[in-house]
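Presented sequentially are two complexes of subunit A, the first with subunit B as partner and the second with subunit C.
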Partner chain A sequence: MDSSNTNGRGIPAAEFYEFKELSLEEAEKQLTRFQEFIAKYRFMETSIVRRVAGLDEKLPEIEKTLQTVTFLEAEQDENLDVLYELDDTLYANAQVTASNTVCLWLGANVMLEYPVAEAKTLLTSKLEAAKETLKTCKEDLEFLRAQITTMEVNTARVYNHTVELKRRQK
Partner chain B sequence: MSQVAVTKEDQALLNEFSVLHARHAVMEMDQKKLKTQLEDVVDATNECELLDEDDVDEIPMYKVGDAFFKLPLDKLNEHLEQDQEQLNKAVEQLDEKMEEDMVRIKELKTRLYSKFHDQINLD
Partner chain C sequence: MSTPETQSIDLTKLSIEQLSELVKQLNSEIDYLATSSAQLSQALTKFTECISCVKNVVKDENNGKEILVPLTASLYVPGRFKLKDNKVLVDIGTGYFVEKTAEEAAVYYEGKCEYLRKSIGGLEGAIDAKNAQVRAVQQITQEKFMKERKTAAK
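The block that comes next holds the complex of A and B.
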């Protein structure tokens, strides 16, 4: 785990707070500073977690569509008996001839017809892109985890030092 | 100080441990999911071995995406075989990665416990 100044997406690295002696006042100041950092990191963590959840939902959809297109490509010109999903928990029978074109729903009420091979390429690249984004999000989360840990340890060390100080003053 | 001081290098080790630990938990869940899928495919394959290819109505439909297709027995067996291969490969890759991480986790635990003894809890 490296700690360059920021990670690939511009998240600042947490500094490991070094100190020899620390006045109570200075310690309190630092503790507040650490808490602020931790709060900011946690906020970033929450938004990335949300993005990961969205991707986790989209990915299986793309995979299923790709699986179907690949299947149709292999069964070209065949007459197929299929039980398809008409609605949630409602299926209907159909007889289909695997054609050499498919229609892909692109979102925003737009549907385009593609030759099967092109559709497969398009879906494969969409799937790869989604997997890449998911990978970078997970890396960001790991990076954040490390920075939060550093800040928490900073807090513990400074706090222990204040305990030691108060003990000495007695 | 009765406590051992934490250095910058220790912090890096602690962070690495924290990250690997969290990653391991996620991988365990993925492993469970894959194993269940694999079991399902193996069960399906075994069921199909008992079938007669001419008894068309007995042959189960194959799920593609959200739809079920009626297939001749040989094509069905082919698909099941491919699925099993893919899943086996995925399980292998995941197991390998988990092994690697486990080795590093053990290493880190040894180092950190030897320096900090009771000061930290890594489990």
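The block that comes next holds the complex of A and C.
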């Protein structure tokens, strides 16, 4: 088992509970403690799963935008004929005027105009950050699943011990 | 429409647990139909929007007007509206796109809206029928419950 007490993002590691003999009250106490831990781990797992889903959606979007900006950079001095989305299933023609600036929608009703090169740098850094976050989230998820398993093993062992105790008492 | 299965079983022959199971099943079916109905209404709103888009935007007088052209969901470029032979491109599903004039596109979207309105109407009818079934089952459950209390009290 890892000697580190938390993983990179401050998630506490689950200790493997060793015991030789356990009284019934002590066992019950430990079982409640384990259940609490498991609940907390599961909660963290759900929130991370949600984050991963959001990132999975945004990542291809950023890649597409970056590709388009690179293309625009190459065709900077030409007027392009394009088909753009007017509505969900409706597309219309337009002519893009040659320009060295693009407008990026940053969310929260904010749109900024950037020179093409700066837009490309911004998008590349956003893409890298998103990929990095995705990687750490997936690592966290792995770690959490291991901790949940450890806790469940603890619960099973303590529970079996209580069964043994009750059997002996009869 | 074929008679729903529940009515070919005599409701009075079922036990109270079976009746409550039936109510649960009917309620989950109602939820599903309600969600589908909501989704269809959403689609209906979108298509109605498309109709007004086509009617207001695709006009000769808008030709050459300055617009911000969306190239992706977060990338916009300055440009001019260009009307090529009064044509727009309509996504008719399964990866097929058709070039239509503004009038043809409006007719197409009208047809879609009509179809959606009919489907929503059908769904609402089905929901009403299921609600009636739920009420009938609940009534029978009440009657059985009262009967059992009477026999237990004796």
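The rule we apply is simple: the second predicted complex is superposed on the first by the 162 of 170 C-alpha atoms of A that agree within 3 Å, B and C clash if a C-alpha of one lies under 4 Å from a C-alpha of the other, contacts with A are read in each partner's own complex, and residues count from 1 in each chain.
Everything that follows uses one rule, which is that a contact is a pair of C-beta atoms (placed from the backbone, for glycine too) under 8 Å apart; a residue touches a chain by one contact, two chains touch by 3 or more.
None of the values given here were measured: they were computed from a predicted structure.
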Subunit B versus subunit C as contact partner of A:E142, first or second or both or neither: first
Touching partner for A:T155 - first (subunit B), second (subunit C), both, neither: neither
Partner touching more residues of subunit A, whether subunit B or subunit C: C
Touching partner for A:E164 - first (subunit B), second (subunit C), both, neither: first
Which superposed partner A:M111 touches (first subunit B, second subunit C, both, neither): second
Partner chain in contact with A:Q30 - subunit B first, subunit C second, else both or neither: neither
Touched partner set for A:F16, first subunit B, second subunit C, both or neither: first
Partner chain in contact with A:C103 - subunit B first, subunit C second, else both or neither: second
First (subunit B), second (subunit C), both or neither touched by A:L90: second
Footprint overlap on subunit A, where subunit B in one structure and subunit C in the other make contact: 64-65, 68, 81-85, 91
Subunit A-touching residues of subunit C, taken from the complex the two chains share: 46-47, 49-50, 53-54, 57-58, 67-84, 87-92, 97, 105
Complex interface listing, subunit A residues touching subunit C: 61-62, 64-65, 68-69, 72, 81-97, 99, 101-106, 111
Subunit A - residues contacting subunit B, complex: 1, 3, 16, 18, 64-65, 67-68, 71, 80-85, 91, 142, 145-146, 149-150, 153, 157, 160, 164
Contacting residues of subunit B [partner subunit A, same complex]: 1, 3, 5-6, 8, 11-12, 14-16, 18-19, 22-23, 61, 64-70
